[in-house]
Each structure stands twice: as structure tokens, then as C-alpha cells.
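Below are structures written as C-alpha cells.
Okay, so subunit A shows up in both of these, paired with subunit B first and subunit C after.
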Partner chain A sequence: MQFWYGLAQLVGVHTILGLSAYVILQTGQVSMAQAGFLAIGAYVSGMLTTMGGWHIVPALLVGGVTAAVVATIVGFPALRVKGLMFVVATIAFGEAVRLFWFNFTYQVKQGADMVGPVGGEGFKQIRYFPANGWTDLDRALFILGLMAIVMAGVWWLDRSRVGVVLRAVGEDDLAAQSVGVNLTAVKVGAFAISGFIAGIGGSLYSHYTTHIEHLNFGIVLATFAIAYPIVGGLHNVFGTLAAVIFIQGFLVEGLRFLGDWRNLLFGALIVVAMNVSPRGFVSVYRDLSTYWRRRVYSGAIFTVVLIIVGEAAGGEVVAFVDGLLGRSGLQFNHMAWIAFLVVMAVWSWRGLAILIVMIPAGLQRLSGVLRDSLGGSAARRPRRTA
Partner chain B sequence: MFGDVSFLDLLQAITDGLLFGATYAIIGTGFALIFGVMHKINLAYAATSIAGAYVSLAFASLIPMPAIVVFLIAAIASGVVGYLIYLTCFRFIPTASPLATLMATVGMLILIDEVIVHETDGMPQPYPALFDNVMIEIGDYGLRGDLLFIFGLSIVATVALVIFLYRTRLGVATRAVAQQPVAAQLCGISVQRTNGTTFIMSGLLGGLAGAMTGAAVGTLSPLLTLPITIKGLIVTVIGGLGSIPGAIIAGLLVGMFENVALALRDVQERDLYVMLLLFLFLAVRPLGIFGKSSSRD
Partner chain C sequence: MLDLRALTKNFGGVVAVDGLDLTVEEGKIVALIGPNGSGKSTTVNLIAGIFPASGGAITFKGQDITDKLPHRTLECGIARTFQNIRLFNELSVWQNLWVAQNAPETRKSQNFLKRWMSGSALARRSVEEELAFADLADKRDELAGNLAFGEQRRLELARSLAAKPSLLLLDEPAAGMNLEEVKALDGRLRKLQERGITILLVEHVMGLVMGIADRIAVLNFGRKIAEGTPTEVQADELVREAYLGTPDTSTSQAAP
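This part shows the complex of A and B:
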């Protein structure tokens, strides 16, 4: 069960990170600054609980607010530019934050030893959870609960007038401006909200890993942050969650037994997924008929139940399966994921396709591309260019 | 703040940085070329150039060959990888989904990095140094031979690029597609083929830059790709999007600035100042040195 609690915490933190990128993506800006905000939240709240002896909830909020304040300050110059320039500006900001923590050392004496961040060595002993006797289940529930709150908040934001304004700016900022939307206020506001969410995610991150260092918050994490909403689709918040489960649960954790090859497959799968489904998972899911949608749902629920029952049955099942698999180098956790895929395949082959590379949609698109290029329709059908 | 850095040290740092900045200038030019034609970013570009350098290293370790051949192999290999990236990340993804393209190039960046890690077990590989012991010395002041060679080579590459763009039919087609893809198509130019050639051209440049970086640093490592990607992007933005002269000037500027920061402060803080330089430009001149205000079309 340990593994699943860990996975739940990982998914929770990464979903919050993905949602923070989701908000700013709604305004049409690709922000690579999310890892930076995550770092700010992580360090600030870590220092508050470890060195200041705060409770986690206020520390969490202060971490989020600090990140939001920094986002507002940086937002004014950074959001003067858009598109690629904004991407580069936010990459630079993220790197600047990382390098700031790389050069930042501040320790206080606590009992026998010194605690606090030490430049390149990182920030160790963020031991709020173990020190207060939180079990793995407590942590997982706490993080998932916060994830649910953030998700509900962003979902509500999406459906409110605010969401409409954000998307209007994202679709066409000039048109939005011409109907009286204050672009700077909207963009900086969205940036601040996304900073706040990422700050909270960072606070959870530092407390659940107990040890952070500047290298955790590099450009790779920033890429992951925007990858979740892009892969999941910008239609609703659940796409982000699905993408986190797919990327962190399946690609990163589930394929661990592939060893070195996993990372190779990882990059290749992103390329394939973007080719066959440029609008994200959710759009593919939407294209499915109700009949197949039901199968995808029930397949997923059935598998989760299967896993929980299997784990709850206790160590014997796991030990038995591990014993059977001993020679192949696989473990129960891997088998559970493979079982997940098999069940998805049996219950609905399209569900499997969604999970891996969304083959049907891909074929459909591929045939479209082939028809386009073979039939030379470019000349017949004038295409609008941006 | 400045410690005891003498004027001569500062001058030395400026010239070394300026000469090494040539690699940034070339990388920035490659980014600008792709952005100019497709209005998209290829985040896998720096990985392409490092991949080319690795291929040339593999050839060089098999058969001993002169430096210039090693550089040529790097350029050609990068051109091939560049075309592959065009096929996998740009060709079949609709223009209307710029985010999907961006993500796909990140996927390629990870893939190329991991292929390199897989093939070399993650160990940095020594890259054959050029003119290692050539120094032009004027008193205490010296010019490193290999950096001079790099600088000269990048001038040659830039001149070749300019000749390609302004003196050949393909170059005219490239500029036409960059300016107005629909009109270019109406004139019978194949947009897709032109885009593909642009990727090959930028790949050739990138391979040179990768080999130059390898030769100047002395080792090749997959850890090089991310810093080069970031520096290349910064150069593109400081120079102005899609502007080749801007990229060249900004590349030299960033190289120089970085080296001066290194001489005055230390290596941990160096990149922090480069980021600050970028923010200064964003605040004062958001469109970059040669940026044109984008028209709405």
C-alpha cells in the first residue's frame, strides 16, 4: 500500500502544479515559471514550519501568497511581451529563482543541529509530517484533499465570468481589449493566481519529500508543469488530472522496470501523443461515443477497485505475486499497472488506445493528413493562416 | 564588488567572452531562422546541435581525421537530425496547435538527451581540442587559438547563410515563405519543402555550433543541452525575434557579458546575471535590439 500512498501524494502535488499552469495557459501564455513559483512556496513554507515552528496550514498559505506576490511583481515586466518572448522570459525567471536558492544560505540552531537551506546542498530535514506523527494515509488524504479544493476552485473559475474573460484574452487578446477587457490586469491577475496555486503545491512538495534542493526546480519540472494541461487538454481541469496520472503514474512510475529505456520511451511517447492528438486527451475522449466512454470509465473504476482490494488483502497477495515474478525482475506494482492496461483493453480496446497513444484518433488524423497531402487539397481549400 | 580584477583581466575576459559568444550567435541564428519561417520555437534545436557533435565525435574516434572534417560531419549529422525533428514535431501537427508543436519539441529534446545518455552511459566525452597550444600573446594579454578559429568559422558560416538566403532561389523561397506563406504558395512555392530546408539549414548551423562548443569546452556532455537551449533563447529574445543580425549581436553580447560576470563574480552566480540582463532588456526594450513590432494579420 505504501507505493500507492506515495503515488497519490505525487499525483496530488503534480496535479496542483499542472493546474497552476492551466490557469495561465487559459490566457494563451505558455509560462515556464511554474517551477520557480513551486520553489518559492517550497522553500518559504519549509522554512516557516522547520525554523519557525509554524503549523502547516498557515505555512502553506504564506508560501502561496509569497509566490503570488512574486508573480505579480514579475508579471508586470514579463507580461509586456507575449508568445515566444514570454516563454523565454519565464524560463529566465524560473532559472533566476533556482539560482537564487542555489546561492541562498540561512540556518538557525535548533537543538543540537543547524536547520535551514544551505545553497547547493539544499534544504534538509523538513520534517513536519514525521515530527507530528502523520501517517502515510494522513499525508495522502491531506494532499489529495487540497488537490480537490484547488481543482474545484479552478473548475469554478473556469465556469465563472473570470474564466470567460481569461479565455477571451487567450483566444484573441486584441478582440478582448476592444470590448473593454483590461489586458494587463487580467494577465497579471491570472499570473498571480497561478503563482498562488503553484506556491501551495510547492509547500506540499517540500513537506512530502522532506528534502529539497535547487536542482529539483529546473526547467524539466517547468516543462512537466505545462505538459500536464497541454497533454490533458485545455477544455477542463480533469484533463490535467488524467495527464498527471498518465505521465507520473504510468510513464514515470509504471515503466520504472524498463530501466534506462523508460526515459527514451518517455520522450518518444510525448512526440507520438502530440502528433496523433494535438488538442489533448480530453478532446479525444470527447470524440468517443457514449458507449465507449462508459467502458473507459467503468474500466478505470474496476481497475482501481481491483488494485485497492489486492493491496488490502495484505502482504500475502503481493508476496505471492512477487514470488511468482521473482525471476523476471518485475514486481507487483508493475503487474498492477500492466493489469490495469489489460483490463482497459478487455473492457474497451479504445480505452487502452486513449491511455497509450490514442490510436483511433491518430489513424483518423493520419488519414486526414494523407488525404490532404495526396489530394493536394491545399490549392482547392484555401487555408486560413494566423 | 570587483575585487582585484585588473583592467587587463577585464579586457581578457571581454575578448574571450566575445570570441566564445560566436557559438551563442550561431545558435541564436538557428532559432531565429526557424522562428522567422514557421513562427514557432524549436526547443529541441540545441539538442540537435549537441547530437551532431556527438555523431562527429563517434566518427572521429573511429578514424583519425582533421578538425575541419569533424566539424563538417557534425554539421551534416545535425542537418539530418534537424530534418527528423521537422518531420516528427512540425510536419503533421496542425498550425492551429502551436502548443502541441512546442510540447513535441520538448519530447524530442528529452529523447535526444536520453539517447545520448544511453549511448555514453551518461559520462562526459572528451572532445578533440583544436589548436590547443596555439596562443597569440601580447605581453600578459593572450588570444586563445581555438577561440579565434571558432570565431572565424562562425563568420564563414554566417556569410554562407547570407549568401544562401539572398543569392539562391531556395533562399528567395525561404524568405518568401517567412514573409507571407499563402502568397508564397500561390506563386508555386512548396511551403512544406521550404520549411524542411530551413530545418536542414538551421541544423547545419547548429551542428557547427555544437562542435564549436565541444571544442571550446573540451568535453561533450548531455548536461550541455539545457544551458545552450536557454542561452540560445535568451539570445533570440535580446536580438529580436526572427532577426538574424540581432541574434548575432546579442550572441556576442551575451557571451561577453557572461564572461565578464564570471571574472568579476563566481561561476555559481554567472547565469543569474545573464538572466538579469534579459530582464533588463524586457523592461527597457521588450522587442529586442532589432525587433519589429508585430503587425496583426
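This part shows the complex of A and C:
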């Protein structure tokens, strides 16, 4: 259960991060600054609750507002450039924020301890949740609740004229300007809103991890932030949630057992996801041809049936399969995921390509397993032949 | 209403518009014609504020608008269409008009929140009116990118009208249209004139221009070589030489 609470919190924070990127992506700007805004929110609210003794709700609002103010200040010069130059500018900003926290040390005495961020060592004493007796369930519900509020807010914004204008700017900013849209105001406004949302996400992040350091807020996180809405689709906020669940739940956590294979599969599966639904997960049903629908659904059903059968048959089947798999380090549940991939793979050339990409890693893994079993303990051999 | 005084625009060493003087009187349809590359579209872009002028001044309703950005000139009451259609293709027809709600008149009728959230009934009604005017009422929920070419032209016109302009800059609105569509456009422009909208028309389709324009200015190499009523311009030797060619081209399309 611990694991699921942890995953729920992770999904909540990353969805908020993805939604912050969603807002600015609507204007056609690819912003790599979201991790920077997340860091600002994380540190500011962490300091407020830990060192200032604030309640978390005002602390996360202040964290969000601080990030929004920084976004506004940065937005005026940054949004004068477009496209790739904007990407470069925001990467520079994100790194600047990260390095600021790398060099930032400010501690106060609290009882016998010194608390506060210490440069490269990070900020280790954010104990608001445990200190106030919040259970894991409380935390997960709080974070998911805030995620729901942010999502509802962005959804509402999206459906109002704001969303229409943002999309118009994203499609053709010159035409939008020619029908009376003040480009600077709209772009900086969108940037500020996205900063505010990311700041709130950062506040939640620092409080559930309890320990943050500058390395958490690098380019990788910024890339994830824009990957969520792009993979999920820019037509609907729910796509971002779906993409976070897909990437964090399935690709990162679900495939953790694959070890070396995971990184390989990670990229390949994102490519597959983009191929299956080029306009994002939200429109996946519309985009799927019946050809692909059959494969995805049958693969999913196959996997679920496998898991159910495995669970229903109880320990024996699982133990039997685990025994068969032996030293490969794999377990029954993992086989279900692999089966899903294979079912997907054997039915199309795209899947076949993934299998081919996987072959080198697979061979490496297999040879390791073989070497282990052949050169392994003699005591194991009789059982295998029996 | 609109005054251009010695308007000049250089692109590097190329002089696109060279000391252009032009006056557009209120309620009139003024056409700007001339060969390709003579600076007509540049003039429109300068008035709309797409790029700054290199010299000269633009005055609109007694107000200097030379260096104003496009959204500011629109607030003054100048709307425009583009030579190559520029719609928001992923937005619906209705949403395309909904973007163009920043004109002072609409602003006055609704407060800030209302303007950015749902919009007042008045603003919504004006969107519906312009859709009906452009014969697009039944297509209001379709994506702009899925419309046929003629419909896209009409939608662009409706979008600029949704901004409640007093001066409309039309950059080749009849390009690519067949005769029937040109006729419909002709009728629409006359209706706009009845509504009191002044029009500056850049066009190559002489059949349309000669029939509808109150005054015509002819550009060549960024300079105005003639100005007058359609009959005067057609009789002008310089114009024939530079653009119109033989006398009877006024009834068909000019050679590109």
C-alpha cells in the first residue's frame, strides 16, 4: 500500500508540473523553465513551513506566487524570442535557478539543530507532514486533491476565451495580433500562470520528499514537464494526467524490474505511444485504426487475464513460474508486462522494430543468465533435470 | 480619415514604398493597384503596424499611428485580412471570431473577467451576426482548417469584422476566387460600405476594382504614379504602360 500512496503522490505532483507546461505550450512556446519554477516553489514553501513555522496551504500559495513573479520578470525578455531561441533561453533560466539553489545557504537554529538549505547538500529538514501527524493517506489525498483543483482550474481556463486566445497565439501569432491580441500581455500572462502552477507543484514536491537538492531540478525534469502534455495531447487537460500515469506508472515504476532494459524500452515506448496517438492520449480512441485498436485491447485484456489467473490460482502458479524463471531475477507479475509487450510486438512491424532494438540488450541479459545457471551451484542441476 | 504622408519603407537596400502620399476619405472604397512587387502589401502592412515605417507618417482619425503595434492599430479601428489566408486552423469557425473581441466597443460592453471568460450576450450576438453576414452560420462548429477555400476567405473577412473596425484593409480578397465568388464579394463589400465601413482594397481583379472603387491609386516601384476615379485611372497613359496594358483589360483579370 505504501507503494501506491507514493505513486499517487508522484503522479499528483508530476501532473501539476505537466499542467504548468500545458498552459505555456498552448501559446506555441516550448518552455524548459518549468523545473526552475518547481524549484522556486519547492525551496520557498519548504523554508516557510520549516523555518517560519507556516501552515502548508499559505506556504504553497506563497511558493506559487513567488514562482509566478519570477516568471513574469523573466517572461518579458524571454518571450521576445520565439521557437528554438526561447528553448535555449528557458534552459539557461532553469540552470540559473538550479545553480542559485546550489549556492544558496541560509540556516536558522531550531532547538539543537540548524535547519535550512545548505548549498549543494540540499535542504534536508522539511518535516511538515510527519511533524503534524499526517498519514500517508492524508498526504496522498491532499496532493491528489490539489491536483484535481489545479486541473479543474486549467480545464476551465482552457474552455474559456483565455484558452481560445492562447491557442490562437500558438497557431499564428501575427494573425492573433492583427485581430487585437496583445501578444506580450498574453504570452507573459500565460508564462506567469504556468509559473504559479509549477510553484504549487514544487511546494507539494518538497513536502512529500522531505529532502530536496538542486540536482532534483535539472534538465531531465524540465524535459519530463513538456513531455507529459505533448504525449498526452494538447486538446485536453486529462491527456496530461493520462500521460503522467503512463510514463511514471508504467514506464518508470512498472518496468523497474527490467533493469538495463528499461531505459531502452522507455524511449521506444514513448515513440510507440506517439505513433499510436499522434494527437495525444486524449484522442487515442479516435486516432486508432481498428487494426491498432484490436491489438491494444487484446494485449491489455491478455495481460489482465494473465494477472487475474495468476492471482486466482494462488501461490502455486506464481511459485511454479517463479521457480521456472529461477535465476533470471524475473517474477510472475513481470511476465505479465512482458507478455503484453510481446502481444503488441508480434502483431505489427512497429513492435517488431522494438523487439529488434531490444535484441542486443536481451542477448546480454540472456548470456548473463546462462552463465549464471551453467556455472552456478551443482545443487541446482538435479532439480532442473528432474 | 486615413492619411499617409511621405510614407517610406526600406528592406535593406530595396525601397519597397517610396514617399507615398495617400488619403482615404471616410465611407469610401479606395483601391490600391499595381504590378506585383510595387509595394501594395507593404503599404497595408505598414498601416496595420506589422513592421515600422522607415520614414513618413500615418495619421488615422487625427491620431498618429505610425509606430503602433498591430493590436493597437486594431484598437484604433483598423482591421485587416491577409494576402495568404491566415486563420487559426485548429480552432472552430466560431472561436476564430471569438478571438477578435478586443475592440474598444466590445471592451466597453463587458468587464475584464467577462471578456476573458464567457463574454457578454452582446459580444456573442455580434459574433453570430458576422457569421451570418459571411454565410457561415451553419458551419460555426467546424474547424477553420477544414473549410473550403472560398469559405476560408469569407471567414477571414468575418473575423476582421468581428473586431468592429471603422477601416478595413483588404489584401487581395478575391485572389483565387471564381467569377461567382467575386460577384458575391462585390455585394458584400457594398453592404459593408452601407454599414459605414471605409475600405482600402488591394486587388488584382480589375473587374471588381473598377466596379466598386470610389478612388484608385496606382503604385509602381513603390511610387504612386496615378490617382483618381476608375475612369480617370483607366485613361491614364502611365498606368496603361505600367500595369493595365491594352485598354479593354479593365473587364477581365489583369495579367500577373
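Things to note:
We take it that the second predicted complex is superposed on the first by the 278 of 386 C-alpha atoms of A that agree within 3 Å, B and C clash if a C-alpha of one lies under 4 Å from a C-alpha of the other, contacts with A are read in each partner's own complex, and residues count from 1 in each chain.
Rule of thumb we're sticking to: a contact is a pair of C-beta atoms (placed from the backbone, for glycine too) under 8 Å apart; a residue touches a chain by one contact, two chains touch by 3 or more.
Computed from a predicted model, the values in this text were never measured in an experiment.
Look at A:182: by the touch rule set out above, it reaches subunit C but stays clear of subunit B.
When the shared chain is aligned, subunit B and subunit C each come close enough to touch A:174.
By the touch criterion defined above, A:231 reaches subunit B but does not reach subunit C.
Looking at the shared chain after the overlay, A:100 reaches subunit B, while subunit C stays out of its contact range.
Measured by the number of subunit A residues touched, the leading partner among subunit B and subunit C is B.
Of the two partner chains, subunit C is the only one touched by A:160; subunit B is not.
When the two structures are aligned on the shared chain, A:69 is found in touch with neither subunit B nor subunit C. Touching of subunit A by both subunit B and subunit C, each in its own complex, is seen for residues 174. Residues of subunit C that touch subunit A in their complex: 48, 50, 69-71, 74-75, 79-80, 82, 86-91, 95-96, 98-103, 115-119, 159-160, 162-163. Subunit A contributes residues 25, 30, 77-78, 80-81, 84-85, 87-89, 91-93, 95-96, 99-100, 102-103, 119-120, 174, 218-220, 223, 226-227, 230-231, 260-261, 263-264, 266-271, 274-275, 278-279, 365-366, 369, 378, 382-383, 385-386 to its touches with subunit B in the complex. Taken in their complex, subunit A has these residues touching subunit C: 160-162, 164-165, 167-168, 171-172, 174-183. Against subunit A, in their complex, subunit B makes its touches with residues 35, 39, 41, 88-89, 92-97, 99-104, 106-115, 117-118, 181-182, 185, 226, 229-230, 233-234, 236-237, 241, 268-269, 271-272, 275-276, 278-279, 282-283, 286-288, 296.
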